[in-house]
Amino acid sequence: MDAALFVTCLTDQFYPRVGRAAVAVLEYLGCNVSFPADQTCCGQPFYNNGYFNEARRLAQRMIGVFDRAEVVVTPSGSCCAMVHEQFPRLLGDDPQWAERGAAMVNKTHEFVAFLVHTLKADLRELGCRWDGHATYHYSCHGRGIGLTDEAVRLMSQIEGLRYTPLEKMDQCCGFGGTFAIKFAEVSGAMATDKADCITASRAEVCVCNDAGCAMNIAGQLHRNGAPVRVMHLAEIIAEGLGLLGEDDG
Amino acid sequence: MSSNKAQFLDSIRQALGRTQPTSTAPVPTPVDESIARLARPEDDLPALFAERAAKLGMEVKHTTHDRLAKALVDELEQSGVRSVVSALDNPAMAGALCNAGIEALDWRVDRSMAACYAADAGLTGAAAALAETGSLVLQSTPAVGRGLPLAPPLHVVVVEAGQILADMLDLWSQPVQPPPAWQGLISGPSKTSDIEGVLIQGVHGPERVVILLVDDA
Amino acid sequence: MAEADTHPSSAPLTHEGHAILFPPLPYDMHERADAAVKDTALLSAIESATMGKYEGRKQMCARAFGDDYPAMRKLAGDIKQHTLDHLDFYLEQFIERAEATGAQVHFAADGAQANAICLEIAKRENCRSCVKSKSMVTEETGLVTALEGAGIETVESDLGEFIIQIDHDAPSHIVTPMIHKTRREVAAAYRRELGVDCTEDPEELTKIARKHLRDIYRKADLGVSGANFLVAEDGALVLCTNEGNATFSVTAPRVHVAFVGIEKLVPTRRHLAVMLKLLARSSTAQPITVYTDILTGPKRVGDAHGPEQMHIVLVDNGRSAILADPALRPSLRCIRCGACLNACPVYRKVGGHSYGAVYSGPIGAVITPLLRDPAGYKDLPNASSLCGACYQACPVHIDLPTLLIELRKRLVEQGKPKRIERLMYRAYAASLKSPWRYKLSQWLGRKWLRMTADRDGFVHRTLPPGRAWTDHRDLPAPAKQSFHQWWRKEKGTKAQRHEGKSEIRNQK
């Protein structure tokens, strides 16, 4: 299967290792991965803050960049949710763009959902082994794209991975884009709550499949002096399949 | 001073982009029973009702027509009830109460709120009951008033098994014309958890609701 | 135990209580919100109450509806939306049927008119004492203050509202109004205002209120309520409570006045059933409220109890303006269950008073600006991380995040955000227009952030506006090499590097 990677701007800048892991895993599972180099941003920050004209132009731009792709896979859930939920709203008024937007929605997949639902990957069969104690934060975009326990199911298939459910697993970490700046006190309190739950789980790794949440949670854990690493599931799988060294980063 | 009806309705119409009243009645959203129905007539309705009423915090006592009077007296004696207002039109029960030394005021004699405030217990029947939730359905008629199940600290209600409907959708399958001034779905004792989430029964209405479920089958 | 004559009803809602819900505009939410997040007692009270109801709702709804829960929410949302879309028809039908039952229907364009109607009825019927059940619309209109001002002593009968009234406070949650208060504060208010000697035991405090309110019910000649629903087909008014205080308040006094927002209609009793199946489950994780009172007119000939007169005041107070706006109309579907408040991680951290309005939480952040003043409450739509927990919890399927974004969009269109913010977004958008701009700007940003980062790979303090971030948590430093760079170096072929360009040209 041909799959184009939409790496997203935050992953590009802050977590390129996640992008590399995603590429490695997808290739391992038989995908022919391409990376349209003209990609920038899906427009989410603009849409969420009410700058619809800017968001619309970026949405159209992104559709153009991925026009030729058969399937688009992204390791960032919130950007996937932007495509799925908001592209139709942004582009609905123009029939031509509405059609192209709908096509974009149909072919865009979040990485974990793509592994579970499209590729039907079974990590146990693949012999994925990763030794460590992990918990999992359910990022809010999961609601938008209908994710339930896909990530946890994959984690349960990894040999050596000890999983502890996170208390208040589906409570927002407080990122919310510019919310973290505009209501920094409140956002900080939410991040503290999340970090406290993670610490209480005693896990050494918190799996978080969205770059924004990961920055927020990692930043809070670090401020608290909690020695917990925030990782994307793609990294764990890539490591577990021997595709990415632990120090590769 | 108040905007009149025509003006008020006009402003709603305008808000909806209409200048004239709609000429044909809109067709309301159909209620898809495959989604909304939570109990079916073919279910074991008395068992379902008893189970769910108990979950709501009501006390369910199974009895038969023959044993009803005794069951009532037993219940009242155990609860230390000295006076009741009774809207149950049942001479056998009145006699049994009298023999037990419980002061029973016949609703037909004194229908005042004052009598309801003063009684230890209110005795009523029900218009229907719902297996779906375990709720009692009472309605105001000359034979029972809305203060009676509400004001005394104990409400004892006699429900016949045949009165139990499956679902709220069955209670309201047909519009009743004219409807009673009050129809009440009573689903437990009066309760609150306003103070720090601590559940307290009997905040305004009864602390206890006892259902005598008459099932001869 | 106090005697009835020491009851506190003559103490009106103080300026303090009023100011909590009606602050001067424009309202800056930060002051209260920033204080609330540091108030550990407040947070633990709110957290335990909201989390319990949040988890309870999920369990109750899953048990009742199973996999059909989303379909049930959609059904209820469709019913309410249909009713709103034909509100002129259903209102007219309701008025006709309600009048046929003997109820008198009144029309109030705003809060002042609604209060005036109630005062006129009270005056005409010579009412001196009022007992009132919980109603959000009366909070909007300030009815208690108006009644008190006219010399009609008015007592709230919902336990939470009663305590708030005697403590000169204001409600902070649609359903559980005193969620922010502790038993200690309640006991202190009882001692001070009721003159009773009491412990802090909730059971004892509740029973004191029971006795106190019994006296009020006996003497009140005016009963005021709101309504949870109106049924168009038979003119019924529906009240849902757990305490039974609404039943009492509209049974004992001889005159009943109900304040009802026009959005409360459902077409038929079968539609009412759908709403009732969701309301209590969503609100307090119960299958149904303890008391569901369906009232059609004053007491009939032969009835022993019930009011001699029933007045229904239909209140607009800003609702028809929302109705006129199709994008925002879904916000009127709300059945005030409070599920979105309980689900909201922001509400859990700031409490209801931070919203500075009658309605708090996600639904409050949407309807407060619309009912009051969009510019005056421009903070509210921004006080959300858009996590979507509210949408998932809403029994009438209101897409609250989308409505919040719609309000943000309108603020942008009206040029409300600060000039500097607008310039930054414009510059940011410009930097994303082409790959080279993106790569250059991101490279600069990455370089600069990495320079300010410590050796442990985190930025501890940065310049505004990022300073607000680092005031609370660290910022992971960007990677040395971006994914774009890595791909070009390791994987890129000439063909792939240029993929996509032709499409972009075609668009131009």
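Chains: A, B and C, in written order; residue numbering restarts at 1 for each.
Just so we're on the same page, a residue touches a chain if its C-beta (ideal position, glycine included) is under 8 Å from a C-beta of that chain, and two chains touch if they have at least 3 such contacts.
Quick caveat, the model's predicted, so the values are computed rather than measured.
The chains touching subunit A as well as subunit C do not exist; no chain touches both. With respect to subunit B, maximal separation of chain centres occurs for A (centres as means of Cα atoms).
Of all chain pairs, the one linked by the most C-beta contacts is B-C. Each chain gets one centre point, the mean of its Cα atoms, and the points for subunit A and subunit C are 32 Å apart. The distance from the centre of subunit B to the centre of subunit C, each centre being the mean of the chain's C-alpha atoms, comes to 30 Å. Taking each chain's centre as the average of its CA atoms, subunit A and subunit B sit 52 Å apart. Contact residues on subunit C toward subunit A in their complex (touch as defined above): 29-30, 33-34, 37, 51, 345-346, 349-350, 382-389, 391-392, 402, 405, 407-413, 425-426, 428-429, 432-435, 438, 442, 445-446, 456, 458, 465-466, 468-469, 471-476, 478-479, 481-488, 491-492, 496-501, 503-504, 506-507. Interface of subunit A with subunit C (complex): residues 7, 9, 11-17, 19-20, 23, 34-41, 45-52, 54, 57-58, 60-61, 64-68, 89, 140, 143-144, 168, 170-172, 174-177, 179-193, 214-216, 218-220, 222-223, 249.
The part of subunit B that touches subunit C in the complex is made up of residues 1-5, 7-9, 11-18, 21-22, 25-26, 28-29, 31-32, 34-36, 38, 52, 55-56, 107, 111-113, 117, 132-135, 140-142, 145-148, 150-151, 167-169, 171-173, 175-198, 200, 202-205. Subunit C makes touch with subunit B in their complex at residues 45, 48-49, 52, 64-65, 68, 71-72, 75, 78-79, 82-83, 85-89, 91-92, 95, 100-101, 105-109, 113, 116-117, 120, 157-160, 163, 176-178, 181-183, 186, 202-203, 205-207, 209-210, 213-214, 218, 233-234, 236, 242-245, 247-248, 251-252, 262, 267-274, 276-277, 286-300, 302-306, 314, 316, 320-321, 323-324.
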